[in-house]
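In order of appearance the chains are A, B, C, D, E, F, G and H, and numbering begins at 1 in each one.
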Amino acid sequence: MPQVGIVMGSRSDEPVMAACGEVLESFGISYEIRVHSAHRAPEKTRDYAVSARERGIQVLIAAAGGAAHLPGVLASWTSLPVIGVPLATSELGGIDSLYSIVQMPPGMPVATVSVGAWGARNAAYLAAQIIALQDERVRAAYDAYRAKLAEG
Amino acid sequence: MPQVGIVMGSRSDEPVMAACGEVLESFGISYEIRVHSAHRAPEKTRDYAVSARERGIQVLIAAAGGAAHLPGVLASWTSLPVIGVPLATSELGGIDSLYSIVQMPPGMPVATVSVGAWGARNAAYLAAQIIALQDERVRAAYDAYRAKLAEG
Amino acid sequence: MPQVGIVMGSRSDEPVMAACGEVLESFGISYEIRVHSAHRAPEKTRDYAVSARERGIQVLIAAAGGAAHLPGVLASWTSLPVIGVPLATSELGGIDSLYSIVQMPPGMPVATVSVGAWGARNAAYLAAQIIALQDERVRAAYDAYRAKLAEG
Amino acid sequence: MPQVGIVMGSRSDEPVMAACGEVLESFGISYEIRVHSAHRAPEKTRDYAVSARERGIQVLIAAAGGAAHLPGVLASWTSLPVIGVPLATSELGGIDSLYSIVQMPPGMPVATVSVGAWGARNAAYLAAQIIALQDERVRAAYDAYRAKLAEG
Amino acid sequence: MPQVGIVMGSRSDEPVMAACGEVLESFGISYEIRVHSAHRAPEKTRDYAVSARERGIQVLIAAAGGAAHLPGVLASWTSLPVIGVPLATSELGGIDSLYSIVQMPPGMPVATVSVGAWGARNAAYLAAQIIALQDERVRAAYDAYRAKLAEG
Amino acid sequence: MPQVGIVMGSRSDEPVMAACGEVLESFGISYEIRVHSAHRAPEKTRDYAVSARERGIQVLIAAAGGAAHLPGVLASWTSLPVIGVPLATSELGGIDSLYSIVQMPPGMPVATVSVGAWGARNAAYLAAQIIALQDERVRAAYDAYRAKLAEG
Amino acid sequence: MPQVGIVMGSRSDEPVMAACGEVLESFGISYEIRVHSAHRAPEKTRDYAVSARERGIQVLIAAAGGAAHLPGVLASWTSLPVIGVPLATSELGGIDSLYSIVQMPPGMPVATVSVGAWGARNAAYLAAQIIALQDERVRAAYDAYRAKLAEG
Amino acid sequence: MPQVGIVMGSRSDEPVMAACGEVLESFGISYEIRVHSAHRAPEKTRDYAVSARERGIQVLIAAAGGAAHLPGVLASWTSLPVIGVPLATSELGGIDSLYSIVQMPPGMPVATVSVGAWGARNAAYLAAQIIALQDERVRAAYDAYRAKLAEG
């Protein structure tokens, strides 16, 4: 029963998001990866989000580029916290993705992290911080990571 | 049986979108207005979009600001053409809305018009152009409008 | 007698716009391709737009970059719906093209789609949605495409 | 013992952040408000962050404008999740604040929400979603809120 | 027989462009003012541009906002130098107008000046510099102006 | 005695500006090329600008990138028309150069053309349009060029 | 004999720059204020910069908006450190001023501070930090200020 | 005892910052290089800044990208002048870094220089200008450099 669901809109997003799973693993957090397009397959996206909590998911991580609706659409179907990763786009660099993810209306937040590869990893670190609030093992692993960082 | 459905995410969008209905009326195009938040009420938004065509709607016009997902979410639930109006936001001026509406992924277009008040009216003109392709009365009305414009 | 006219400002735009024609073909929509610079050859551009409807064209698709006036200029000479594709530019990434196409004044809309390669394809999908309103064959083909998308 | 610490860089940020506290209260979440400038009073900022967890704080919310370092500086001193609210600035509209908060380097995420007043409220909703993972009472309150939203 | 033609897309542009005429007058340069929308009245715009040189016009000044095609459209119909004034827009501040005017393709330049009120005046100063190349009286007047400026 | 002076801030700008000279040559316009940094060698830049008119120069073309002051500095030392070419910069794409050149204060215009390679050529076309006002031979050459363009 | 020279391009910049002088005074730093337009009065601007060091000036502060060349032009005429304050512009918010001041080419830095009112004050604080390196009295005053800040 | 401390957030910034040290050396200015992440190792960053002055450092140069807090964090811990170099980021080009560094709140300036490689060198030139105020040898070296520049 995975603790985190990583969702992306397209198989082409997998290379940049691979680091996300690796960071989760380093903290002993279980996860699953799904490819669901918010626009092309809205029913499947909805089913995934609606059933996430009862399947034990605690945090959703969604990566998307352009009119990057995936994180917001997931957020509209679940009350779990959703972390959004704005992916770079070739023409606009990812500002489009950033705006489309972060500027959510009141009541429906998406926890947005850095654009691109930095964000893929930071989504996992943020998920770890959230899960650590109730999971002693993850907290210890995360604190050990931070201590190592501080030593440079 | 309305030909056009105007949808907005919030009642506060009504003043700027009023002009949209007025333009449609000037061409004798029937329409209905709905307030459906893509995020806060995703189920109602979906039901509206899914049933639009069978109720006789030919074109959807959706206005939204910020992470303006409404037009894209409607597009994901229907195969009718969706026209998106990016509304201004107080902090970012509407660039956020524009990117969130126009940068749709392949297969799922939103016909985006100008930001704000210009777009509210242009959405109606565009709907008229589309309906005019099969409705002689609307075509005549639209052509008369264009002839009047050309005279200055 | 083609249903769609694809116009671009320069032969160098053909590679990115090739996908547009392919998508139209996949729905059985006939089209023609023209290279007309709005600025360098304004008379030819005008003649093309003015005669488009009587030649059976239902939708114009225009692609341009930089001060991308071509879609708006076509729109000024015809009352057919015009779809604009903002092409990327090497220095500004395509924001210049996007603004030049989407920010049309009231009365003269251009249905703007995504920047670059995504937009080249989305212009065709949007044209198919518009033509499907009156062409049962295209509607069936487009709905089949959407059903396939939804299956992922 | 408050569950959430709301920190802002200046007393002048209090009006926009008042809504944040009101939303937390509506879910029965306890909180405290502090004014600590990351730059002018770095020692106090550090002491606050370092002691936050042992004082029972589960989530920090930090609001700042311009070179909005406060959320990131707090994140550097604690392993609690930090939610950042980019406040509007009079000259640049808040894009400066948004970039300064969201573009955190790998290992050190800030959960960024919308710019300005929307973000002040969304920070509280996001905190509620996070706390709800382990607090049944908050979860019930949040789910009730979402149900009410969905009814429009 | 006016030396300069000032063209604007809408009567609402007249207040900001009034300063343009005043500057021209201060140098003894004759001018006429026309309101021609490039999009709404393309035929009249074309007729004006095509006949400008034979009517003695030496420089065209065109002001427009949004997808500000007017300067470029005039440039496409005449070989006279065209000066473009990007007018401010309420949502995007005038960046849209600037890009739409300045980013002209090779072969078809528009001499672009500052956005808004500064540009309305600078268009006239630039026209004076151009006309001064062949008109001793204007050159003397312009040089006197510059000498006065230099004295502060 | 050259009619046009092409000035650039650095030898590294020569490749992109080579096309400028070629276009001038194609119209039989004589020119000279100078490398003068507005900042590093302000005295030489001043001397060049101050003496330009008496040496027969009619139009100055200045290319620069970043805080691209060269065109404006030349304009401050001469009353000849100055055409500015905003060169691309590797980090900001040329928006910095564009703003630094176009946003001149009232009284001191720079005739700004497109960013980068398009602008290098358009500066020459604009210079030709200006010189053609008083030089029959250049006018004929330019009109011939335009006629050829119009034929596509 | 003033230690700091505050220069602005226009009398209209005085209100925002008044705070700059007040901050300098609070540290006992003497200063003078001059209005010199880099473009309109280049000779006076040059004379001021060239003579600044021998008159005892240690730091120049220059405020400008739009194509804000004043700080860079001063820097080109003196080897004293120049601090640049990007002033807001009504259409572009001050991004134009920021780029025009900060993006100086190698060899010719301008020490750029925040846009607008924040920058007017920060220019004085930065000047105080620089002068404090060699002036014990200013250092003591500045450190006292920082200690007071830290107390909140 | 070094006069300048060059600090960067990551070893990966060393290639672009190498030029900074070379320029300092060319003026006979001693320096040290440190890698301290403001976020990952806040305690070490603080210790370095707090002790800088007593170790004889006169100017700090800090380079960072993204949410580039390093210069501002150093400034919060010391009253020495801090020069900030905004490094390019792959997705946003360095605008994020620029805003995060330059938009410091009143009382806490960072002397910001150009983005990327230009800024790496300009930070050293600016440090030389500041140190030259009290170090005759550096002043002579810097003036010699400027004289050489002026000769082109």
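Quick note on the criterion: a contact is a pair of C-beta atoms (placed from the backbone, for glycine too) under 8 Å apart; a residue touches a chain by one contact, two chains touch by 3 or more.
Predicted, not measured: the structure shown is a model, and the values here were computed from it.
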Common contacts of chain E and chain G, by label, are F
Name the chain pair with more contacting C-beta pairs, choosing from B-E and E-F. E-F
Using CA atom averages as chain centres, what separation in Å is found between chain A and chain H? 35
Round to the nearest whole Å and give the separation of the Cα centres of chain C and chain G. 51
With chain centres taken as the means of their Cα atoms, state the distance from chain A to chain B in Å. 31
Listing for chain F: what residues touch at least two other chains? 37, 40, 42, 66-67, 92-93, 95, 102-105, 107-108, 110, 114-115, 117-118, 149
Touching chain combinations (by label order): A-B, A-C, A-D, A-H, B-C, B-D, B-E, C-E, C-F, D-G, D-H, E-F, E-G, F-G, F-H, G-H
Give every residue of chain G touching chain F within the complex, in rising order. 9-10, 37-40, 42, 46, 66-67, 69, 72-73, 75-77, 89, 92, 95-97, 99-105, 107-108, 110
Contacts from chain A onto chain H in the complex sit at residues 88, 93-95, 114-118, 149-152
Which of the residues in chain C come into contact with chain B in the complex? 58, 79-81, 83, 98, 102-115, 117-118, 121-123, 125-126, 129-130, 132-134, 139, 142-143, 145-146, 149
Where on chain F is chain H touching in the complex? 35-37, 40-44, 66-67, 90-93
